[in-house]
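Right, one structure below, let's go through it.
First chain written, first letter: the chains are A, B, C and D, and each begins at residue 1.
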Amino acid sequence: MNIRVPSFRDIAKNFKVVFLDSYGVLKNHKGLIEGVPDTIKFLRDEGIELRVLTNDASRSQQQQADVFDRLGLKDLKVDEIITSGMLAKQFLTHKIREGKIAYLGTDSSAEYILQSGLDHIAVRDIDLDDLDDISAFVFLDDEGFDWNTDIDTTVNFLRRKTVPVIVANSDKYYPVNKNDVSVATGGLAKLCESMLNKKFIHFGKPDTQMFNYAFEHINQEEFKYNKDDILMVGDTLSTDILGGNKFGLKTMLVLSGNTRSDNAELWINSTGIIPDFICESILA
Amino acid sequence: MNIRVPSFRDIAKNFKVVFLDSYGVLKNHKGLIEGVPDTIKFLRDEGIELRVLTNDASRSQQQQADVFDRLGLKDLKVDEIITSGMLAKQFLTHKIREGKIAYLGTDSSAEYILQSGLDHIAVRDIDLDDLDDISAFVFLDDEGFDWNTDIDTTVNFLRRKTVPVIVANSDKYYPVNKNDVSVATGGLAKLCESMLNKKFIHFGKPDTQMFNYAFEHINQEEFKYNKDDILMVGDTLSTDILGGNKFGLKTMLVLSGNTRSDNAELWINSTGIIPDFICESILA
Amino acid sequence: MNIRVPSFRDIAKNFKVVFLDSYGVLKNHKGLIEGVPDTIKFLRDEGIELRVLTNDASRSQQQQADVFDRLGLKDLKVDEIITSGMLAKQFLTHKIREGKIAYLGTDSSAEYILQSGLDHIAVRDIDLDDLDDISAFVFLDDEGFDWNTDIDTTVNFLRRKTVPVIVANSDKYYPVNKNDVSVATGGLAKLCESMLNKKFIHFGKPDTQMFNYAFEHINQEEFKYNKDDILMVGDTLSTDILGGNKFGLKTMLVLSGNTRSDNAELWINSTGIIPDFICESILA
Amino acid sequence: MNIRVPSFRDIAKNFKVVFLDSYGVLKNHKGLIEGVPDTIKFLRDEGIELRVLTNDASRSQQQQADVFDRLGLKDLKVDEIITSGMLAKQFLTHKIREGKIAYLGTDSSAEYILQSGLDHIAVRDIDLDDLDDISAFVFLDDEGFDWNTDIDTTVNFLRRKTVPVIVANSDKYYPVNKNDVSVATGGLAKLCESMLNKKFIHFGKPDTQMFNYAFEHINQEEFKYNKDDILMVGDTLSTDILGGNKFGLKTMLVLSGNTRSDNAELWINSTGIIPDFICESILA
């Protein structure tokens, strides 16, 4: 495989749009990756459209943009950020028309996702003997509840009542520092699926729905871009590259996050997920 | 759950578009389901758009239309039929630019899917000691090869060379008569995935990409329909209903195929896949 | 399938040994199942050996016997009770010869299982930067730790150091009342396996090792019983019946626990796990 | 991990019994591994008991011994060879008392496994409309039938009738030369399980039942050996080492077969399956 390239910018110049994963591409556990603002400026100067695609459902677009701003990436626009939470919200708007939506997560994540005119109720407030008015369940975030009690309540609610169950972020874990990870809401959802022997509705990469959302977004005013115009850049084979490939985009694996330089080819061969390009980072 | 409805037509009247699964909705092992032409005529008369969404990659749109014509459904248009093979073809066009495409399936399925200017080569003709020019592999169909030898060749090719692997139809089996089934290409692909410990790229329901393809198709000239305007009708919870739900469509389970009337609710409760409506068939 | 029988006792009389699951056969969420002491007395009077085989690793044999005594089953002997925790203990004794054993569970479960001359350390006391002396990890129980923090510590420990990981009870959940369940240690282990992409060493039914342990136990003084002499009785197809069948025992499914009378045949047909007999309970 | 040792013999001297995998330890695709007869002689001279544990159900003990003899390993005794087929045979003897046993495999494999007084019937001879007298199904071998037709017949038989299904060898594939493999009967069984959504009864390593069979065999006359006296030697982490560890034996990974020297530690870390020793081969 001879797909290593020295410069992200040289490749990016051949595309009209770049989709970027957030964690491992733009930032890491220490904050913004040094040099990223220059690369973003380069893309702006070249007239290349960009979108950030993130499996983070815990924060709204505005909150995500605020975080980037605080970290030093000033000019990312709110609607250049696309989160898996937005897909969950879209689903709820189209499919759930009445009743309350129960959720596992923080109250603030509930507020931004569950604005569909429907009431919502935290798992800790569920009365297992009075479930009549609950019409859906959402795994929103790994914080905002007590793991010692609320996972059991979730499982028992779903044993008693069959409702649509949405997982707003299908990642099983997320990094918290250079070495360590924390169980993410997708991991909890998987535990509950395995106990209930059911499959929930998962949103987020590698599902192509997120790529399609971004694709429609860049073409919303007029149909300007087709798939061949877009480069997807990410640090994770099983989400960014698999999903980008399946949607028909050219893909670049960067080695500034989950995938290390010395085992990139090994992982590509053992998974069969093949990026079109491999590059150290988006800095050069 | 009080979602049983007596009449498909009464529900369909509230939508501008109906997506229909083929096997179990329009036809079964005996041929066309009696009364289907009347229902199609009803949809035409009401001005309701329709598309047939099928996980059958063995035949082109034209061949599928010819079969419906022979069975007695005369006025289905070629481009009203959307197959998982079309998605595989789209992927190959965008992502594979050079080399030969190896395939497991009939030569005729290869001809219609692999028209991208690239050569193709049947598995039986692969020389395992000379793989340099093969750049992708496609599971096309469960016929057209010798199972006794060509599955082994497929596995050994994929052990020796890492290339993108596409599964044009992810169904594990298909019905051949009232009682019996036959292993489909998706089942073979799963066997090979399990031996290689790799995940291939699967196309077809329940993946939302197929629904999105149909959605773009009805909106291609001008943006006329949104998701709330569409009803997805199918006989299988795990493909038609799961995929339709996830894409944000209203869904109807019909009991004229895979799912029997007396265990529909049981399967809904045990899988957690919930249609918006259940109806005996599309006839009434 | 014509395997329903009216009387446990009539069947049991044809065997020299009866293996009994605990929860769902002898007791339920309300306590001892009424009439069980009479059945145990019947087995004693008939000279039939009995053993209780339970996937409960949280209590020692003595503690289990004490619980039965308090519930009103007075004459169960300590060494008639065989727990999955005993298998975990046996493994640790044979395989781990030095270092500390880290554990997730109560301190009392740690005390009875980890008596092999080795030190043990609770997950909450693990220092992720000083792991040199930890040589194994055990999932013991679902209580005795803080789920909000200690699951993450477990995963990060196992990311940093490769040691044998033992799951003392592979059940994913256990019943807490008529309707509800609680996540068991096997469910947590499965979550961690899925995050780490590793397989741990699980003990407990349906694994045949537990049946073999019981088999050796009844034959320890002299070889008196062969497999044809033994009837395994349980309420769960996927543990009691599957394991008993695989070990070569005759098996009886009772309907006093997990499996309800009205769907027993349905579950048998859909799982393919077939008991030799089905009986309402062990009371008659 | 500092478990590499230069000499198998130096380690083996500390044990009273050695269990050996066959393929990758004693022989490979070219025949007997050169030097193996000397090592077997060494074990005999040291008074160390040996047993060969193989997941090969296609040949009887006598046939296996004949093959070793022809390859040049003259003095292996018939009852020193233990196959997964013997476990399948034991199961059928204990559990199936009437009716015919249907099988997928060669007629010769059927003859040696199915000698329980019951008739047997090849899949090709099954009449799907007359299944009354078939009482069990066995996956015996990957040869002796037509894959193009008999897999479908197997699946449809198992859709129509619920009977115990036994897999005499759970390996998914076996090596046919230095590079290539062939689908084994365990792979076919997995395909059928996935289509039927059922779990069959699998025999062979890593299941501990095979180790227990060997353990009972060496202790059959008098109880001479306990688990600490036994070393299990194999070339495959997921079968030989996992099973040996779980049964409580000391284990040695040899690098003369499936696992290569340069990635042994990598595979150990990524699977979490840890042998007690790693050695180049059993030759030194």
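Structural remarks
Following the convention adopted for this analysis, a contact is a pair of C-beta atoms (placed from the backbone, for glycine too) under 8 Å apart; a residue touches a chain by one contact, two chains touch by 3 or more.
Bear in mind the structure is a predicted one, so any value in this text is a computation, not a measurement.
Listed by label, the chains that touch chain B and also chain D number zero. The chain with its CA mean position farthest from that of chain C is B. Chain C and chain D, compared by their mean Cα positions, are separated by 27 Å.
Chain A and chain D, compared by their mean Cα positions, are separated by 44 Å. Measuring from the averaged C-alpha position of chain A to that of chain C gives a distance of 40 Å. For chain C, no residue reaches two or more other chains under the stated contact definition.
Screening every pair of chains for touch gives A-B, A-C, B-D, C-D. Partner chain C is touched in their complex by these residues of chain D: 1, 90-91, 94-95, 158, 162-165, 196-201, 207-209, 212, 227-228, 242, 245-250, 268-274.
In the complex of the two chains, the chain C residues touching chain A come out as 128, 146-148, 151-152, 155-156, 159-160, 172-173, 179-183, 187-188, 190-191, 194-195.
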